[in-house]
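Shared between the two complexes below is subunit A, which has subunit B as its partner in the first and subunit C in the second.
What follows is the complex of A and B.
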């Protein structure tokens, strides 16, 4: 019996080796290297120079780094509720297994399959101040063109819109799976009791979707907080630093200013913030489950 | 007999592919790469034992790619680069001085002296030659002829006016050309610190000295110069989108959104590429404290790869391209750029190009030496992004000229210390 268990453990260990090696090489090792590098000054071309905690002390005083963290939070907290509402509405509308719903699901899921670089480039052109289709339509209706990407406030909102366009279809699919798992009997019983459509949605659908809701919110936060490509392609962080999200700022420090050590220190702080967010979301999730609400 | 012939042919083909040297050349721009490919084709015809693949990278990410390439220990055999980036990479380049002496019969100093001063400062000190020059560039303003004619504005020197405009005149012209032609903006300026410097230099102001020390704060009118630049955007004369969201200045200019492009000699190539050569013309930059076109250039270097055979083949190609009697003239005619060598008259086969070259020649010759040397430092190429980004912040009212100067100073000092 003992030998059999030992064999199972051994087999499990052997089968996890490829995943472990992959995880170590592409996740753990880069993090270790990043921590080491954050204590050095390095421009890729010259020899590395040990600088102790200087990178961190400079980061503490770097207002644009902290601005980028704030932009990331703004971006996330602006995008996540919109993604949630839009994908929930789409999920509710397209949950039936008829032909129309199936076609529309493909239509809305399609942006998620487009490479982010291509999506960003396409939207950059569409929102272009002088050559964009969006402004062309607006001006042909007699209105003034809109500075979609040139106004600091509007630029952030514009890239959030693109993020919603990319993610809403994927989240819609999660909602559809969740909606289809709700037993039909609940709605039948509610109908007998005379519940309206809104009451059914509010008292049956929404509470029973709680698990899906948490997944959608967690995934959306993760996707938005680490977003880099859309901001990089559409605005390169501009106007000024208005759309410079934290990953983009760190990237620019590393590969535009060639301050690899400084960028590593910044990445480490971003990583710690991400951990705090992930931990908080997880705690909320656990509390919901332990409280018997799910 | 047939079999023998077939065998010989197959053997020669295989032997040819085995024994030919394959080189890779990296280029900083697709339009330059296109010209280089044409020249490479000519070279390969005369040197069937060598084949060169030209790979182009987007200019915006060029230095990033090159840094990673050198870091990874896998540099290309040949490298085309610009004045902005060459100073950062010289440590990785082969010294071509001895090869120049052997191939061209000139001492390294004689060779360097045969090029324009604006190019020479980038080539290296003493007997060292880090790279051979491909062309030199200088700044000018390009104008849309039809729009200027409609507004009844004469332009120097090809449009009925001799002297350059004053700065005040220039701003009035921008306002007028915008109003008469009912265009949304008047002038394009690419989102680039060098473009800003080309304007700043007209105030006789420099950001750094030749040693890379920050000196801009010592000029009384530095803040005013920045303010005037920022005001061009605030007044709606220059499209905000060009500096705030990276909209293309060439698209705006060739697309008729603007009537002027504050650019330079390279627009000759661009205008031919766009088929707009008869619609545009270069003009002198306006006079502020002085008037001239700051200069830059393109270079070809041979990185140290550690592969003796490839380095030799790459050097031979570089020497072929450095020789005005062989590759260089072929290159410059095709690139439609200005020759980097003094007393080198080019027959472009296009009268227009020759006229334009004369305009640029005037602007380049008027440029003081400092306008080039202060940018040939590694410090300058490291603070350019900060400069353009801060100006963008100034345009949106988030930074004052005084704050910009202070920020640039601290960045320049930090970079100098780190270097």
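What follows is the complex of A and C.
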């Protein structure tokens, strides 16, 4: 055998082939297929039918599709600022490498490791209207029980809370790495100039965290905009369509109504929107950095 | 002051887990008692016994472990090999190939579930455990980590092996793999956790109860009427135990995340 004399062995391309086979089949091909399918009408049983742009024009008129996009935006833009603030506070509080911080970090990070199905189940039990712990505390203080998951406005806030709980600890770790990278000298110089703790945080820490901020915001947006497990478990999108986020709507179109072409067109729009958000956030932040704020 | 705030926050964060665990050991009458008891008055294993007796828990556990272990082995092999090829290869358009991997970091199963479903169906993998393994073995995050790690491997090791007359296969097996132990460890731990926690892929691939994974079974259980709450809670507790053990054992690896900076051989 002259296997070791082959060119692809010598230049080591052969090592990438197994991974690229799977990468092509389950990442590249699905994207191509999603674009193709979005021009077809298909219910899995009858043959595929080319319909041109009809799926897209129907989507434009689909009230509940747009509703789901708006729900996703509300969900994301409620969750991301809270995640940002909570994880920044946690990061600042736990940035030291002492024993206490190391132990406490575990409690905040762990929710990220809990399977999201189990997380949703636990929180659903906590927020249960008649037997939940949260309503027990509220009623024992003399207030009326709250419809955490049955009130259309409140249900979205409730699942946002769970999303924050899941992601905050992970983002905290990004902040800790970023905070530890800031040189001590900056703070010392500021102390000599008589800066208060808050001034140091506002004028030194925050601007120097720019790169971490970008990662935290982009990753949070990507995670929130695509998540449908929490909504699926806690509310199955309800009441009505109040918590039907876009990926959940697409899932229902595909696997409940069996409109695969229509669902593909929907996912394509969701993918494009999440790309645009991520890209815009990146550009805005980069401009701020170039703008001399640091 | 700082410690007080942190402890209060930690208690708040842990309430759902605490409440689920204590409630799962209550009898059905105690779960719905008002006012609720914090710790069960009488510890009841009813929920746990019932999930073993009435649901196919052992079957789900076997399915989940099978999927998680087999796909982890394949994932580690694919990522290490790809990382090595892309970091140390000398072929043309290497940057382009790396870029293709990086771009797919944005693509998740939720976004591509419809075409993924079609491909899995065409491959004849619907409603089988292999349908949960094969589509998931390549992970962009794992691949990206492996590339970063391999880039930091000093070229001298490879060069000197070459001078000693080793061929490419020998270099990979005898030099690269032993030097990649930390990478392999964290890829394995992360991959196992991802597969254990996965819900989206089982949701679209699996139909019949005998092929359910633990997460899918837990989600389905809740949708059925008449399933006692203590069983659902006991099931939730069981579903988080394996990842909890792994998390506590390899805490440091997790906290550093899969960031390349945290990994040194």
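One rule holds for everything that comes next: the second predicted complex is superposed on the first by the 260 of 294 C-alpha atoms of A that agree within 3 Å, B and C clash if a C-alpha of one lies under 4 Å from a C-alpha of the other, contacts with A are read in each partner's own complex, and residues count from 1 in each chain.
Assume contacts are C-beta pairs under 8 Å (C-beta built on N, C-alpha and C of every residue); 3 or more make two chains touch, one makes a residue touch a chain.
Only a predicted model underlies this, so the values are computations on that prediction, with no experimental measurement involved.
*Asks:* Once the shared chain is lined up, is A:62 touching subunit B (first), subunit C (second), both, or neither of them?
*Replies:* It touches nothing on subunit B or subunit C.
*Asks:* Look at A:45 in the shared chain and tell me whether it touches subunit B only, subunit C only, both, or neither; answer first, second, both or neither.
*Replies:* Touch status of A:45: first partner only.
*Asks:* Subunit B or subunit C: which reaches more residues on subunit A?
*Replies:* C
*Asks:* With the two complexes superposed on chain A, say which partner A:239 touches: subunit B (first), subunit C (second), both, or neither.
*Replies:* A:239 sits against subunit B, while subunit C stays out of touch.
*Asks:* If we overlay the two complexes on their shared chain A, which of subunit B and subunit C does A:131 touch? Say first, second, both or neither.
*Replies:* Both partners.
*Asks:* With both complexes overlaid on chain A, does A:256 touch subunit B (first), subunit C (second), both or neither?
*Replies:* The answer is first: A:256 touches subunit B but not subunit C.
*Asks:* Regarding the shared-chain residue A:114, is it in contact with subunit B (first), subunit C (second), both, or neither?
*Replies:* Only subunit C is touched by A:114; subunit B is not.
*Asks:* Per the contact definition in the header, classify A:147: touching subunit B only (first), subunit C only (second), both, or neither.
*Replies:* first
*Asks:* Starting from the residues of subunit A touching subunit B, keep only those that also touch subunit C in the other complex, and list them.
*Replies:* On subunit A, the overlap between the subunit B and subunit C contacts is residues 124, 131, 255.
*Asks:* Applying the document's contact rule, which stretches of subunit C touch subunit A when the two form their complex?
*Replies:* Residues 2-3, 5-7, 9-10, 13-17, 19-20, 23, 31-32, 34-36, 77-79, 81-82, 84-86, 88-91, 97, 100-101, 104, 106-108, 110-119, 134-138, 140, 143, 167-169, 172, 193, 196-197, 199-200, 204, 215, 218-219, 222, 229, 232-233, 236, 239-240, 243-244, 247-248, 251, 254-257, 259, 261 of subunit C touch subunit A in their complex.
*Asks:* Inside the complex, what are the residues of subunit B that reach subunit A?
*Replies:* 61, 63-64, 67-68, 70-71, 88-89, 91-92, 184, 239-241, 243-247, 251-252, 255, 257, 382, 385-386, 389, 392-393, 395-396, 398-399, 418-419
*Asks:* Which bits of subunit A are touching subunit B when the two form their complex?
*Replies:* Residues of subunit A touching subunit B: 41, 43-46, 49, 124, 128-131, 147, 149-150, 152, 155, 234-236, 238-242, 252, 255-259.
*Asks:* Considering only the defined contacts, which subunit A positions touch subunit C in the complex?
*Replies:* 4, 8-16, 18-20, 22-23, 25-31, 33-34, 37, 90, 93-94, 100, 104-111, 113-119, 121-126, 131, 133, 136, 140, 165, 169-170, 173-174, 177, 222, 226-229, 232-233, 247, 250-251, 254-255, 260, 263-264, 267, 270-271, 274-275, 278
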